[in-house]
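Common to both upcoming complexes is subunit A, partnered first by subunit B, then by subunit C.
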Partner chain A sequence: MSMINIQDVTFSYTGKRLILKDINLTVEQGEWVAILGHNGSGKSTLAKLLVGLLEPKSGTIAIDGVLLTPDTLYEERKKIGIVFQNPDNQFVGVSVRDDIAFGMENLNVPREEMLEKIQFYAEKVGMSDLLEKEPSTLSGGQKQRVAIAGILAMQTKIMIFDEATSMLDPTSRNELMAYISTLHDEGITIIMITHDMEEALYADRLVVLKEGAIFEDDAKATLLRKPERFREARLDLPMALKIQSGLSKTDEKEKRVRDFLWEFVSAK
Partner chain B sequence: MGIRFREVSYHYPQNHLQFHQAIEKISFQVSAKGEFIALVGHTGSGKSTLAQHMNALIFPTEGSVEIFGHSVTRKRNRKIRYNDLRKHVGLVFQFPEYQLFEETVEKDIIFGPLNYKVPLDEAKTIALKTLAQVGLDESYLNRNPFNLSGGEKKRVSIAGILALDPDILVLDEPTSGLDPEGKRVLMDLFQSIQFETDKTIVIITHDMDLVYQYTSRVLVMNQGKLVFDGTPEKLFRTAPLTEYQLSMPETIKVLQAINERLGLSIDIYQKTAEAAIQAIKEAVRQ
Partner chain C sequence: MKNIVIGQYVPGDGFLYRLDPRTKLIAVIILMVAVFLLETIIELVVAFGLVILLLIAGKISIVRVAKGLKPLFVLLLFTFFFQILFNKEGTLLVEEILSLNPANLGLGLLLTVLWRLLARFGKFKTILLFLWIAGIYCLLRYVAIAPQWTTFSLQIHEKGIEMSVFVVIRLLIIISLSTIMTLTTKPTDLTQGLEKLMRPLKVIGIKSDDFALIISISLRYIPTILDEANKIMAAQASRGADFSEGGLKEKIKQVISLLVPMFIIAFKRSEELADAMESRNFVPGKKRTRIHELSFGWKDAVTSVVILLCLAASITLKVIG
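For the complex of A and B:
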């Protein structure tokens, strides 16, 4: 059974042009998928559909084998967490502890269990020393980790990162990417929405959206061999591939650098 | 003229809600013409607090900020018309939503000029001109700013500040959230504004690639202190980037990896992919 199964989904705001058209996408458990696309390509809308913040105009979405409907949405949303772009927009509590608790409070988790879970997940994201801190005093990367702890505490199987690193400084960003890798290692399904190609290199599979439709969907290593497809989708290439494209394929010495650069992007 | 910070500190009264990071004894100078400056540093390092001192949006707790000949200190000076200072230094916020509030793009752009007693006709001409400067045509004049895309909103908010014709333009993370194409278009726009008008431009950013490619001077904030003021070249060659929680631009990272792995000695300090390619070609011929 697939973790996410999107069939023939279209979406538009009332009476406006289609934001998403004929989206078909299946994601298996434990996959790390990067959804790429230019501004306005529909990638954030897709994320909102997955977490039930928006409803498709037509088509169906199933999470872990259960169709999203008004009746199932409440239960299914527990399986899927989303971390947004601006860490400041996802805080409600006056302390890190409150914030991690918030999602669980909504699920009526008993108090004893909640306290244990707060401790457990705060340790997991490396924030257990900062439980009493006020969220506004944390760094961007720390804020994103608190948000992740709150989501993990609801025992989600899928994590969506909607441009979650775009407002972070370089260090916080590296921290967060490393942390996402550990979640991936634990078998959590990762959907990363981004237009940053360096970041997309961490994923196993790349889905490229262009003007609301799926333009490419393939394994990272396969798709990176078709650089023109990224340009057509108004995306950049990762720096290593930009450099590689300017080196000679026949000259032995340049070819050696080319081969290494290929290894460099594949290895991430 | 320009802006001169003299030992500027900004602190909070106890129990005050922290909207701004504290900054400590900051001294530097920005000239009124021809500079392209990047203000960088980790989240919470005090970049935005510093930027908001540049047009007297907040006042220093200690020290002074001289803005185009007027000294801004802790005490408000009745002789200074702070609004006039803001005409010299325009500040564009990170989130255009904080700045846009009118129901049409035109009304938004003319708001500033009208405030400074520019006649309506003239303000409308200015709106058309600055809209063109940011790469939007006149069909945008009657559109509602809130129905525009993120990139378009940013441009409109920039046009609104350009309409005041400031000498110095300060932009808080103008490219965050934009796709690669959007970033390039906006940075090229700043470059051309600077080229054509010789305005000084200050951008706050986390993007080291943009810093390296576009700017000529970098100010690094670290935990409320100004720890570096120099060229991007010098920053990436000599500064303790890890300590500042910064990173190398992608070009340098990739070239470094090639050198390490293949034992080459490519000059790694290249700003663009094209320059990196040339450097590799030269190095392998040796």
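For the complex of A and C:
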């Protein structure tokens, strides 16, 4: 049974312009999928549909085999967590501890269990010394880590990152990416919504959206061999591929650099 | 902007910190009632002494409480003079004939301007205020040059002095009590306490848990929004806006130019926050467990007994007196 199953999903806000058209997408347990797209390609809307913040105009979404409907929504939301772009606008609690607790409080987790889980997941994201801190004293990266801990504490199976690194400085961004890798290793299904190709290189599979429709959907290594497809979707190529395309194919030395660069992008 | 303090809470470890916020809230209310029942200055002075004892026992610095009283200084002063001047009971102690005429009016205005100018330096404000009051009094009393517009008599009665001291001490006690509470209770704990105490209001349709969440989210976003205001002000200043100069009209324009983006951002923020909360399974009005737990312990029980004894004592005094 696939973790996420989207069938013929169409969405529009006002009824006239379709934001998403005929989306068909299946994500398996433990996959790391990057959903790529230029501004206005509908990628964030897709994320909101997956967590039930929006309802599709037509088509169905199933999470872990259960169809998302107003009746099943609250049950299904436990399986899927989302980290948004702005670290400040998703920090609900007055302290780190309160924020990690927020989701569990909503699920009526008993207090003793909450305290244990907060300790456990705060340690996991490296925030256990800062439990009493107020959000205004934390960095953007720390706030995103708190958001992750809060979602993990709800025993989520799928994690969506909706441009979650775009407001972070390079260091915290790398830290967060490394952290997401460990989540992936633990078997959590990762959906990463981004317009940044460098970030997408971490994924196993790339889904490219263009004007609300799926433009490409393939394994990373396969898709990277077709750089023109990314340009057509108005996406910037990763730096390594840009360098590679500038190198000669015949010269023996340059060929070795080309191979190295390919190795680099496909092995990440 | 990083270390902004909301409320007056100061971390500490006195026994007052370890009391349940509900105990403190109710205690403050009961003690206020008890203070209002007291009728003589001696009783009040004793009560004031008890408040000081409480401060010492709770390891709260008196200076901090005094600082909490500072904003209410003008109110205290006003009450004091109001009682002294307008209470006409008891034997007459002092009677002075004051007059108003062009000469002292002019000098009085001059004095006021001088006072405001000096007050701008921001030092010795209190002393300056007293000097101004004394100056006005001297002008009205001793500058009696024709043509006199009007004369009036300033009378101070025995009861007036008594009442002014009485009212000021009463106010001091009440303000100190509430300051002690806010100094020793985190705003979040205070909201929690209020929420629990407001539970019974569910009968008339007030949802105390939603109310508590609203307050705690507001508290959490105050520093964020202040930070934003600073950024917008800096952005506007860098494009030539001057927030410190200009007349009232320009000031209003500048405030509007600050408020409009602030509101737009705040609405966007709240929408995103609502999404984040909803995606973390928040459903308004649904029952939730709580990470914060209030516990009513033996300390609270002892405090309650002591507080009730205080109330009983002041009721007894009221009945006997």
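Just so it is clear, the second predicted complex is superposed on the first by the 268 of 268 C-alpha atoms of A that agree within 3 Å, B and C clash if a C-alpha of one lies under 4 Å from a C-alpha of the other, contacts with A are read in each partner's own complex, and residues count from 1 in each chain.
The rule is simple: a residue touches a chain if its C-beta (ideal position, glycine included) is under 8 Å from a C-beta of that chain, and two chains touch if they have at least 3 such contacts.
Source: prediction; values computed, not measured.
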Original post:
For the three-chain model obtained by superposing on subunit A, do subunit B and subunit C clash or fit?
Top reply: clash
Original post:
Given the touch rule stated above, what does A:T137 touch, subunit B (first), subunit C (second), both, or neither?
Top reply: both
Original post:
Thinking of the overlay built on chain A, is A:E254 touched by subunit B (first), by subunit C (second), by both, or by neither?
Top reply: first
Original post:
In the superposed arrangement, does A:Y13 touch subunit B (first), subunit C (second), both or neither?
Top reply: neither
Subject >> Which superposed partner A:E105 touches (first subunit B, second subunit C, both, neither) >> reply: second
Subject >> subunit B versus subunit C as contact partner of A:N39, first or second or both or neither >> reply: first
Subject >> subunit B and subunit C contact sites that coincide on subunit A, given as residue numbers >> reply: 136-137
Subject >> Residues of subunit A that touch subunit C when the two form their complex >> reply: 48, 51-53, 74, 77-78, 81-82, 84, 86, 88-94, 97-98, 101-111, 114-115, 118, 134-137, 150-151, 154
Original post:
Contact residues on subunit A for subunit B in the complex?
Top reply: 37-40, 85, 136-141, 163, 166-174, 195, 197-198, 234-236, 238-240, 242-243, 246-247, 251, 253-254, 256-257, 260-261, 264
Subject >> subunit C to subunit A touching residues, read off their complex >> reply: 1-4, 188, 216-217, 219-220, 223-224, 227, 269, 272-273, 275-283, 286-293
Original post:
Quick one: in the complex, what on subunit B touches subunit A?
Top reply: 17-18, 41-45, 149-151, 173, 176-182, 206, 208-209, 242, 245-247, 250-251, 253-254, 257-258, 261-262, 264, 273-274, 276-277, 280-281, 284-285
